[in-house]
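Shared chain: chain A. Partners: chain B in the first complex, chain C in the second.
For the complex of A and B:
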């Protein structure tokens, strides 16, 4: 799955879905992950990028990334790759 | 070389545009890194997690404020420490050092009070379960026996007749004070005449010395006015005894049940905002007594058996995060090493819970679960919490009452309890349980010793 292409994300973590009209906030780590996802980076690339900037081990980042993706899916901010 | 930033797990939170809830309370974003001057992380490192922490300074301060609230309004006041609220010896002895008598509700608690050095005449023996052995002991020690039912009254008469001693007794009176439910399972009812009948039986028998009247109208009471009603009714009974028998009741025991600052489940506002102060209860009780029609030569002693309101705020439970997971409906859940096995009051209260380390302003609605493999093990069903990680520590507030007596040895073992004294020295006042503690009580029959798998 990938992030819906029409989602708007501001530099300070404000997320807007024009399809539903709903808004969200993300924290700084969430914002970095979201921007990397939107650029099409793989999970392992995202984990490596976060690990380069933050004090955290890869297992923790991977677990949190999967949880973050699940929340994005529940909020209907994701779409299947072929959509 | 660039310095790496502090990691915080990623979250995305939907912005709600509903009307604001006028009862909604601001989440307090203040970590509690220290308890009574001691770092939470150091306490957990040295004594383990979870850990109960009791403050001697806070106990004494709260007790003295309560005593002052009553003594400034009434000439003769006596507190009696409610053992069932917290009967750790160290805790009881702080109250006894402050001048509290002991209020007990079982033979076990009675023996504990004697062992703690309380004179028998300063032990109040309440409750529906007093065996003949218990009563004989209490009569011999000249304790104050609060009769709960007629069977006990008759048993006491027999003991008095056979021993030649005059037990010092009171009756427990239940009544309608305008609050529900009425606690009518304990003692004799005021409105239907049971209490008056019991008093007449005691006076006619001539075998016992009627010294007091006792009531305990409920638990976690939020209405001081109900205590005023109760005090008036007890004073009226006392005056009736004085008129009919020319016998003065020496004390009125108003029991306890005063609310603490905890928040009851379902309450819109936190207990810190809605629970009456001890002065409110003191004012209601003493005004009713002073304005009553009871006119003895000497004002009766006013006995207060408050437990919860005196100790709830003086203890904290420290715990650690075991894991985080996402529930099927998208809610966050955090598993703590603190469960209902040691935090029994989680069944009644939405306990205030504070992280012990710094965090950012980002929060998530979270369900807090305990470590037990049981569905009932819920510490908070829904709480707005900062983003906790495995290994983070939390402080649970207002846990001094009932947890260290009603806790269960269920699935896991009970932890240490430490007391921080007035000089900030830490003492272990109850050790943690071990497997040896439990198997010492067990016995395996010979034919079950060996097996092959």
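For the complex of A and C:
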């Protein structure tokens, strides 16, 4: 799955879904993950990028990334790769 | 280029917690690019706030309640027309539309233009007929039944799951989670709006609304979908946002093409968890949040007026997504003599 292409994300972490009218805010780490996801980076690339900027082990970052993706899916901010 | 000036009568000047669309419609008319206008307010009660908004309403006349019949209304409109030379009337209440539709030709004969659904369209989309409407036009609607006696609701318990939506024939809707609540809602709403009461199956999901304008030939002149962000205890939008929803727009186009709807409208839609849309209600006039459509680039009151005048009107094809409206309450200070004038003379 990938982040929906029409999702708008501002520099300060405000996320807007124009299809549903829903809006959310993400913290700086979430924003970094979201931007990397939107650029099409793989999970391992995202984990490496976050690890380069924050003091945290890879397992913890991976768990946070998977939680974040699940939350994005629940909020209908993700779409199938072929959509 | 000199713009024509139109004199337009507008109803629905009550801007209370369940506001009429009149003030929002007038704001759209005042911002019209293709004409200037003089606004004649048409009110039912002395405390409708629009009466006292002199910066947007030039003069107000009280008109009789729909229950007094079309002859009384026509006589009052003749008097107002004699003084004001009305070009267009835009009625904004469901309950008065029947009278104005009935009077359409006679008003036209006097030189007053309207742009209203036909009587058949108006009746067909009525809440009471929603099931047949859905079947005829292949549109998902929740199951519903019009009842005249509260005990009829008891029989529906077997068919529908709780909660049920209890709806008045013109306005008001409430959720009922058991028979006692159904009974209370039936009595409360029928006392205000009469019978029948509509019992509707509750669809779980997210509510969306679309306002728009049909030209009467099946074409979409305007359509703007909105999601309510903040609602009052009456379920009215106090804040909302324009959204890009292809499905809602496709459903709107289908509605307009298949019914050849003429006039402004609001579709109340529910999107269930599977992403399917259900049409809950068709309001046969512009909604109170119509100014959002103006704000995102589709001046529906202007386009409706142009169609009423028989002027060529280009359909709107774009609107800004992600624009919000946030409603507010504003206390106006009004001199007693103004209240006295509208109360005693029926004019201000």
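Heads up, the rule we're going with is that the second predicted complex is superposed on the first by the 83 of 83 C-alpha atoms of A that agree within 3 Å, B and C clash if a C-alpha of one lies under 4 Å from a C-alpha of the other, contacts with A are read in each partner's own complex, and residues count from 1 in each chain.
In this text, a residue touches a chain if its C-beta (ideal position, glycine included) is under 8 Å from a C-beta of that chain, and two chains touch if they have at least 3 such contacts.
Predicted, not measured: the structure shown is a model, and the values here were computed from it.
> Put the two structures on top of each other at chain A: do chain B and chain C fit, or clash?
Because the two structures are overlaid on the shared chain, the partners are seen to fit without clashing.
> Taking the superposition as given, does A:65 touch the first partner, chain B, the second, chain C, both, or neither?
first
> Tell me which partner A:19 touches in the superposition: chain B (first), chain C (second), both or neither.
second
> Figure out whether A:48 sits in contact with chain B (first) or chain C (second), or with both, or with neither.
Once the two structures are laid over each other on A, A:48 reaches no partner at all.
> Using the touch definition from the top, say if A:29 reaches chain B (first), chain C (second), both or neither.
A:29 sits against chain B, while chain C stays out of touch.
> After lining up the shared chain so the two structures overlap, which partner does A:1 touch, if you call chain B first and chain C second: first, second, both or neither?
Neither partner.
> Which partner does A:56 contact after superposing on A: first (chain B), second (chain C), both, neither?
The first partner, chain B, only.
> Looking at chain A, does chain C or chain B touch more of its residues?
Touching more of chain A: B.
> Across all Cα pairs of chain B and chain C, what is the smallest distance in the superposition, given in whole Å?
5
> Would you please give the residues of chain A that touch chain B in one complex and also touch chain C in the other complex?
Shared contact residues on chain A: 22.
> Tell me, which parts of chain B touch chain A in their complex?
It comes out as residues 4-15, 324, 326, 330, 360, 362, 387, 389.
> Given the complex with chain B, which residues does chain A contribute to the contact?
The touching residues are 15, 22-30, 33-34, 50, 52-56, 60-61, 64-65, 67-68, 70-72, 74-75, 77.
> Using the touch definition up top, name the residues of chain A that touch chain C in the complex.
Residue positions touching the partner: 6, 8, 16, 18-22.
> Which positions of chain C touch chain A when the two form their complex?
206, 226-227, 229, 240-245, 321-322
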